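As written, the chains take the letters A, B, C and D, and residue 1 is the first residue of each chain.
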Amino acid sequence: MIDNFNLNKDKFRYTLKMSDGEKAVVKVKGVSFGDGNVKFIAGPCAVESREKIFKLAELVKNAGADMLRGGAFKPRTSPYDFQGIGEKGLEYLAEAGKTFGLPTVSEITDKGMLPEFTDIDILQIGAKNMQNFELLKAVGRTDKPVLLKRGFSNTIEELLLSAEYILSEGNQNVILCERGIRTFEKATRNTFDVSAICLLKQISRLPVIADPSHATGKRQLVLPVSLAAAAVGVDGIMTEVHDDPARALCDGEQAITPSEFKELTIKAKEIAKAIR
Amino acid sequence: MIDNFNLNKDKFRYTLKMSDGEKAVVKVKGVSFGDGNVKFIAGPCAVESREKIFKLAELVKNAGADMLRGGAFKPRTSPYDFQGIGEKGLEYLAEAGKTFGLPTVSEITDKGMLPEFTDIDILQIGAKNMQNFELLKAVGRTDKPVLLKRGFSNTIEELLLSAEYILSEGNQNVILCERGIRTFEKATRNTFDVSAICLLKQISRLPVIADPSHATGKRQLVLPVSLAAAAVGVDGIMTEVHDDPARALCDGEQAITPSEFKELTIKAKEIAKAIR
Amino acid sequence: MIDNFNLNKDKFRYTLKMSDGEKAVVKVKGVSFGDGNVKFIAGPCAVESREKIFKLAELVKNAGADMLRGGAFKPRTSPYDFQGIGEKGLEYLAEAGKTFGLPTVSEITDKGMLPEFTDIDILQIGAKNMQNFELLKAVGRTDKPVLLKRGFSNTIEELLLSAEYILSEGNQNVILCERGIRTFEKATRNTFDVSAICLLKQISRLPVIADPSHATGKRQLVLPVSLAAAAVGVDGIMTEVHDDPARALCDGEQAITPSEFKELTIKAKEIAKAIR
Amino acid sequence: MIDNFNLNKDKFRYTLKMSDGEKAVVKVKGVSFGDGNVKFIAGPCAVESREKIFKLAELVKNAGADMLRGGAFKPRTSPYDFQGIGEKGLEYLAEAGKTFGLPTVSEITDKGMLPEFTDIDILQIGAKNMQNFELLKAVGRTDKPVLLKRGFSNTIEELLLSAEYILSEGNQNVILCERGIRTFEKATRNTFDVSAICLLKQISRLPVIADPSHATGKRQLVLPVSLAAAAVGVDGIMTEVHDDPARALCDGEQAITPSEFKELTIKAKEIAKAIR
């Protein structure tokens, strides 16, 4: 079907579709990515406190979330910006997830941190670490599902090659994530590359999700961009949700409220149904 | 609603939403852009012959097209590539459109050509001419609807400013078109900027359409990218359709067949219904 | 020599180096571009008045300029910005040039303007019109030297193909100009692509000049970037010079003063001597 | 002097020029970066064997090198490409450097590798790890000089912020390196951003070097681009040199020969003298 996107089969051993067309399903506790339905991952940019993450977990659960997200180690561009609350953040996130029946995902930024992520369900590799190959190899030697974000200036081919680093070490549970690329356009934080999702869905066997929050950097674009992703059959949507975006400790300008998130889940499911 | 996209009101006098939120509707014979429904413009990259454009007009009409497209003057990167059949092409296109009840659109590349476009219903300003201000001013002094494509490296703000050139001359019938931007990613011909459509729909009063053919440059991506556009409420979709893409005189690799186009119109309408 | 930059010889018939390695020299009155020395083109962004252009012509002449530049028709992004003083501007520029013995260059933005440029020595095609093929063909049918600027998002290959449009019409007097490309970096107005000059000097027979003013958009970078261009053997440097940059009617933030320009010419010649 | 490049002083505490204009000099054994002279770092992309690195060390020493480079841990885009010979490579590099009186630099890709770099004189942080903040903090806690390469899609501001991560941990010995950015232009591997060097030299107190090999990816552009860097006062030039580029285990197409390197050092010093 893909007649003009030629990939070197020697370099893509695990990430392309099989000859039988079968696709990978990545299961995280009860949640399956790649089963044909769109899943929702929601939560704050950063875990701010135990109380806060519990409150948000409850809110996003009630609004339709399948999983809970929250950063504990934040790879901020400036060393003087809020860096996350660290190990405590992982602990609170895991607790909140268990309490409300939501599997959890959080970003890991160094292979030495692996032991601290024992109770987290998905290891997120962020855009800035997409080519941190030592980290990729290390998570590839675990059996924990990995959410691999596309670097903001990495090609689709490079994203697949980074996934190969993980899969070739043995870990087959990789979910890809489009989160916007860096271009000349500055009206949005990044440029959401919806074609990348289409292409990845056509050539790769791995599930693909979208992160409209980082892609756009603008609250009012999160809903429509999520619907665009749903229209191309994305396997999941990850959004930053905060009950008081103006006071969020990071990235408040791109966080939506729980009620906006609820609307998003309902409409995205409508779209997903329409394309089936 | 747009709390963080600040535009200088002195520079945007005609293109932004009015305080009452009213939006412009551009009417082309019986076809209205901006009325809340998605319209379909289809046809070959270039008018190749009288016979061919008649055949394609019939095929796209039957497949759900609202308008007929076809290039007569092709602004090709190389002077040694096929440049279109010129004035004859416009004549054949207009005839075919009338025969099958389809208003027509074709690209104009110099203001001196205006008299030749008398029988064409929409003047298309292509990506390479988005900042050909002499052309913009000239079409602004006519009353013919203008389809203004975003330059492949122009910002959303620059697109609106180019529209201002047309509207400030008196012509209020402008339709904007997102057709992909030039980025580092080479798996697609350009990067389709779906967020630009979302943003334009939120801030501008002008109708916005999408051109997934030029945006992706790949046949198999035209359908899903069109659905993404439909999911964000695009006012129209313009696609290159050819009954024999392999033998098309230009851009065959991005043309879809009439039956693929029919599927596209059906699914896009489903999506449009789902988001209403 | 260029072992890995493969160009299709069918598409590059006039712009590549000949087998004997001979290069084109473009002569404009007494000034030769491509003779192995670096030439200097200076003047304001826009001709503001007769008095002003005479004053600046004298200042740049005394500071080492070989040619005088000045815009009369300014292709501004916004229709509400200063658009130049038009035909009068060309007249004043030509007069000032003759008075001080400086050949002149000014930007043409539509082929219909050709008659007005009779007394101007070089026709400049600006970045926004690099792919205005009707204009390229029209200037190709004259025998006036053409200064063809690289579009801010056009590749080196596309620049050469646009030059082919001019040369294939008969006009062999084309000078190429690197003026910065649009990238994600916003600390400079554009990103000056010095490698493009190196590559063009190696593969093309046409003279290549640099425009550090538009490339950087910052006064304090004009001198060092000019020296970088001189170090790679550029055939000319075109800079915006104004005696009172803060009050310039356009682009004042990138204009240097006559004394800064004098320093530039002296140092650039030193560099040019060092690489010989 | 920099009147229009406004940086937030709260975020740039260590990397900007002091009020007295004093600049940092980074000393590595007998070699000083930032002392007003251009230094040369040369060697292969990867240490291939003990014999090979000894041979190349001797060749580059005789051709004018001040330091020896060579990768032992190669962060390759594909897991199936040659990954370097690891710890043995560091050992051979250090030995070769000592034998020929050349301090050494090699890339570190994970903080856990620090003990293995004891005998290497400069720790290189590669483009892909410019925002690997755990690594930055770790090298910041050592007293070894750090060569920090700009990420291929990172802004000048982000480069300085990454340097702040290192300096704020205590290590003041940081050298910045421009190595080309990722743009739409594909005739060169990356686009060498010479303006970034100019700007960094004007605003920052840290030495700045250039890597024309990775910036261009083309052997025949390494010399002229090096001269451009010398013309703007760069503090050092790092090039890939191989005696048999066609058989190099990595990046052979951008390696120059020892005799080309010798010519480069001679001409670059000429240029440096001319601008003083």
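One rule holds for everything that comes next: a contact is a pair of C-beta atoms (placed from the backbone, for glycine too) under 8 Å apart; a residue touches a chain by one contact, two chains touch by 3 or more.
Bear in mind the structure is a predicted one, so any value in this text is a computation, not a measurement.
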Chain of greatest Cα-centre distance to chain C: A
Chain B and chain D: spacing of chain centres that average the CA atoms, whole Å: 47
Chain A and chain D: spacing of chain centres that average the CA atoms, whole Å: 34
Chain D: positions in contact with at least two other chains: 153, 182-184, 186
Chain contact topology (line, ring, star, complete or other): complete
Residue ranges of chain B in contact with chain D within the complex: 153, 182-184, 186
Interface residues, chain D side, partner chain C - complex: 1-5, 153, 155-157, 181, 183-188, 191-196, 198-199, 201-202, 215-216, 218-221, 224-225, 227-233, 253, 267, 270-271, 273-275
Footprint of chain D on chain A - complex, ascending: 10-11, 13, 75-80, 109-112, 128-129, 131-135, 137, 151-153, 158, 161, 164-165, 168, 182
